[in-house]
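Provided herewith is a single structure, encoded as structure tokens, for subsequent inquiry.
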Amino acid sequence: AEKVRIGYWTSGVSLGYGSVLESKDFLAERGIDAEFVHFPDVNAPMRALAAGSIDLAFGAPLAGVFSTAAEGVPVKIFAATQPADVQFVVPEDSSIESLDELRGKKIGMSPAGSSVAVIASAVLAGNYGIGSNDFSLVGGNESRLAQFLVQKQVDGAALRSVTIAQLGDELKVKRLGSFAEEWRKLTDSDSVPYIGVGAVNAGLVDEHPETVARVIAALRDTLAWGEAHPDEVVSILQSSANLPEHDARVYVGQWNAMNRVAFEPEDIETLKRQHQVFADSGLIRGELDDSLFATQPYAQAEQLR
Amino acid sequence: MNAPSSLAVAVPALSLKDIGKHFDGLEALRGISLDVAKGEIVALLGTSGCGKSTLLNIVSGLLPADRGELRIDGQPASSFRDWRQIAYMFQEDRLLPWRSIRANVAFGLEAQRSRRAERIIKAEEALRLVELEGFARAWPHQLSGGMRSRVALARSLVVEPQILLMDEPFSKLDPQTRAQMHQELLRLQRLKNITVVFVTHDVEEAVVLADRVVVLEPRPGRIRAIKPLDLARPRIPTDLAVSEQVRQLRMAL
Amino acid sequence: MNAPSSLAVAVPALSLKDIGKHFDGLEALRGISLDVAKGEIVALLGTSGCGKSTLLNIVSGLLPADRGELRIDGQPASSFRDWRQIAYMFQEDRLLPWRSIRANVAFGLEAQRSRRAERIIKAEEALRLVELEGFARAWPHQLSGGMRSRVALARSLVVEPQILLMDEPFSKLDPQTRAQMHQELLRLQRLKNITVVFVTHDVEEAVVLADRVVVLEPRPGRIRAIKPLDLARPRIPTDLAVSEQVRQLRMAL
Amino acid sequence: METSKRILSLLLQRGVLIAVFLLLWWYAAGRLPSFVLPGPERVFYAFNGLVHSATFLHDLGATMGRVFSGFVLATLIGTPLGLALGSSRALARFFEPILAVLNTVSSAIWAIFAIIWFGISDATTIFVVFMTAMPLILTNVWQGAQTVERQFIDLARSFRMSRWQILVKISLPSILPYFFSGARLAFGFGWRVSLVAETLGASDGIGYRLRQAADLVQSDQVFAWTLLLVALMLLLEAGVLKPLERWLFRWKTPSR
Amino acid sequence: METSKRILSLLLQRGVLIAVFLLLWWYAAGRLPSFVLPGPERVFYAFNGLVHSATFLHDLGATMGRVFSGFVLATLIGTPLGLALGSSRALARFFEPILAVLNTVSSAIWAIFAIIWFGISDATTIFVVFMTAMPLILTNVWQGAQTVERQFIDLARSFRMSRWQILVKISLPSILPYFFSGARLAFGFGWRVSLVAETLGASDGIGYRLRQAADLVQSDQVFAWTLLLVALMLLLEAGVLKPLERWLFRWKTPSR
């Protein structure tokens, strides 16, 4: 078996998927001897990749991967793994009924510069003509954003679907639209934007594409298994992530919306478009090099079905 | 000159009745009774650790006695209000290291609401009195032991007290300087009719300065003897009457 | 008894040549030259601030002189190795507040590599010597001024020095306790033939204890007179010869 | 009688303090959504769950181990350095700006460096704790060293004590109160920054769990961990520091 | 002559220190990807960009304002509290556990509370700075108050000084060195936690920008901000604190 050091962010969207991947042995079945490294910070896997302390990361933040690559760090993307499952919401009793009414308002979202913030800004500007100076961005993590909504510190927020579902009882909100819908409108395509991708050390993917292919196959296996065994996923989340049952069920309910293993041409197209959007917003610098997308393993993985 | 006997009927400046004090297991003072007339000078003598400093601490109001009664100007200490009449020169010099010599001397004046310029003038005058006029701007750590003790003396005198308590005020001074300080003290005392209680180990000093000598006995500290000194002033140590008194007192100790 | 004259040809225990010292602008000592014979007792007298403590600081090796030469047992101070023969009792008691009285006395013994049990025995013996055997376990802040100074004395004696420097060692003691301490000191001094240099303001004390009296003059501190005292021992203050010497010396000051 | 009365009154005071605190908490929690401010029951429930979770002892042990290692290292290095700076002006002048820098750089920045140097490992958190605790101890020891009484040093010199003996017998006892308050601060801040470091560069430990709970909107767990830390610190204070301090400084004049 | 020589040697030392630091940095940066450890040129370039950016002065001013407000509040409240605890044992016994709690709760937790109470506003950061700086000042003042010489207090009492006069003329001068080191620490930590607070509960300020830069993996900006903070702190130290300290403590015996 080949040894691969895999890192992921354990306190965010990639937690559920990672826990399942770790507690089942799909990787071993594909001949991968995986060593897992946990990161409490969303950007930490990228730093670890660059420092060579892991070989591969899934759910790596897209903006971080782009700018890391632009810095000349040898990393490549081998799959898109986390769609931006984010909704625009306002408090239930708000007078705001549609997204174009957010002009001049305070909107909470992931901190400025995060992928979520950039996508949100892009769709607001592209679809409603609300430029970045036409609203004020209030940054924070999910719990902070929920709190701001309750306290009316913000007029609206871009929240993850899973957060909305998890806090359903206490956080009464009105949905104005989702990233998926707005992105479709903006790009005139059927794709969803991604916030997380699989990133891998360039050396590994160039020299041993088949190893990465086998990882991809295992990721795919995990995805399928999770969909088929929601109760088991719930118990894994409860034990390995300290999640109470209710929260775990919410996570499992969002399984397919939150996780993906996709690298079809249209996905790559979406990622390129996102790069364009990121670059236009000034978030990242540098040109996009097509070689950033390592498509060979994904193609090989198709054969491993 | 105030002969103490002529004032006996008047209200005593200080009146101690049956004062007692313990420190944990140790009985430091027992049954101390003593009246000090206004303008009288009393010397306290006694062996090391017999309770002299403790007694001054009590009289100055700093240390509460365990038992007994203290009256000042006829009033019980608890209802006495005019404590600023009393100045206490401690056994240690207690110069504040962060103040210049002059500011140390002026320290006591700051308790009264006097003007700064006035304080400076008074402090410099007091420094002249103790012959340290050149050191007004020095820091305490630059002075010798005897110089420090003279600064402490100046600090006590500058507030013009009615009652002056002094714990071994001149022990660090050479005979010559000491004699000068004696002169200055007596001059001031006569001028303002100050009541003085002081501790000394120097019998000659006691005889030269005091109207009465109180001898304490140790463990527990009690009064062994009270000896009036009816000698004419000024008293010169080399005078026969004086040296005879010194000899007698020495014998008695 | 060691008459100093009989030792004049031998190597002096202490030899000062033209010692000078400045503090910033102030000239504290100038041209101090003095030989002290082994086993000799020298008293230093002088007005307050004339440089006595400064001189002892220099002799003890704590303060470098600006100029002049210091020899100990015939060797230049810079190459002298056996400094532990010298004990210095400071003008202040300098008791370490975090040590019990006994541990304070034992302090100097810790510089030598002696055993703990032995240190305790010696310290308690020294405390008995200064009549404080009951206070071995007390803390310094529980003692009176005179008691503290006796602890400091015990601390200096317990190391059994060959040369003993003392800065006003008995100034805080009553005459009786002081006389006892004199006796103890002289007994030890004779027993071990200790060289003693001490500062005092008490002329009588100087006459009772010293083989020679050195009188300093202030600003700058210079030697005004060196006076040998050829009196038989033991010297009783009330003896005529002794009191005559005291009178003479007082006159000379 | 006297002491037992005093202890009783103290216990009563403490009880009142806790009761007031709980009441305020309970009241405030009732008026806010539980993900913003979970109420006492919820937090105690989460606390219970925490204590019985599989990784609890491991996480607690990991963090404690890191904090203690960092703290001990900081003490072992900060104390002699502080003494050295206290005894040499030239050294002090040279190192002063370095100290100012150490005191300015935030623990998050140290964590970033640590991750670069040590990767995700215990050393990262230990390093961050060290970089926070060491200047605190150093500064206090240094300040203490400057207040050592010249008179006492001269006393020791008069007995020809060696530099080492002067250090042990004069300087250390004089510095002890300063060291103590420095160490107390250092330990408190060490605790706190260890959590920051663990949110960035660890894959277990309390900080890691805290971050996870915060990011997953599990406020009750955040509060439960906080409560636990506070309880541990109070235990350390009452069980070790206070008695030790009382014994060490028993020689001090009690204020009348 | 003497002093000018000494100043020259000091400048030389400082120069050497900076040169060594830059060299090490440059060497290390050459061996690591620049987003992990950006080299000096990159950081200076970023620094330049920063200083000329539109929001620079605003962010700097916002953070400084918050830190100073929090610090001043902490001083105004911590000093009298420390004095009070120092003068009353009963009070001290009652408040001791509260202090231990304050010293354990991390700034991130305070930030969470602050956001609940104050929302996104300057008050949030000010509160966090206050909750960090206040216990530091209080603890040091308290410790200082315990070391005030009984003898000096008795001296003042012998002159029948009022409690207020004793405070001003005896206690404060005695406590000053403690206060000073407490305030220095408090300011340093205030700086640092203000950044933590701003990453959570502010929409401008240095902390906000730092977080932004960190999230964008713009390490050069992170380092540029850090450099700026260090420079500011060194300026404060050399320009204000050191001269003030030298003047205030000019009475101290210079060690021979």
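The chains carry the letters A, B, C, D and E, assigned in the order they are written, with residues numbered from 1 in each.
In this text, a residue touches a chain if its C-beta (ideal position, glycine included) is under 8 Å from a C-beta of that chain, and two chains touch if they have at least 3 such contacts.
Not measured: the values here are computed from a predicted model.
Note on connectivity: the fewest chain-to-chain touch steps from subunit B to subunit E number 1. Counting C-beta pairs in contact, the pair that comes out ahead of the other among A-D and C-D is A-D. Centroids of subunit C and subunit E (each the mean of its C-alpha atoms) stand 51 Å apart. Centroid to centroid, with C-alpha atoms defining each point, subunit C and subunit D lie 50 Å apart.
Once the centre of each chain is set as its mean CA position, subunit A and subunit B turn out to be 86 Å apart.
We define each chain's centre as the mean of its Cα atoms; on that basis subunit A and subunit E are separated by 39 Å.
The set of subunit B residues that touch two or more partner chains comprises 92. Chain contacts: subunit E has residues 32, 36, 116, 214, 252-253, 256 touching two or more partner chains.
Contact with two or more other chains is made by residues 47, 51, 147, 151 of subunit A.
Pairwise chain contacts in this structure: A-D, A-E, B-C, B-E, C-D, D-E. Taken together, the subunit E residues at the contact with subunit A in this complex read 32-36, 115-116, 119-120, 199-201, 203, 208, 211-212, 214-218. Chain contact summary for the complex, subunit D toward subunit E: residues 10, 13-14, 17, 32, 36-37, 89, 93-94, 96-98, 100-101, 103-109, 112, 116, 136, 139-140, 143, 146-147, 150, 177, 181, 184-185, 188-189, 191-192, 195-196, 222, 226, 229-230, 233-234, 237-238, 253, 255-256. Contact residues on subunit E toward subunit B in their complex (touch as defined above): 151-152, 154-162, 165, 169-170, 173, 251-253.
Residues 42-43, 46-47, 50-51, 63-64, 67-68, 71-73, 111-114, 136-140, 144, 147-148, 151, 153, 283-284 of subunit A are the ones touching subunit E in the complex. Subunit A meets subunit D in the complex at residues 10-12, 15, 37-41, 44, 47-48, 51, 53, 141-143, 146-147, 150-151, 163, 166-167, 170-171, 239, 241-244, 247.
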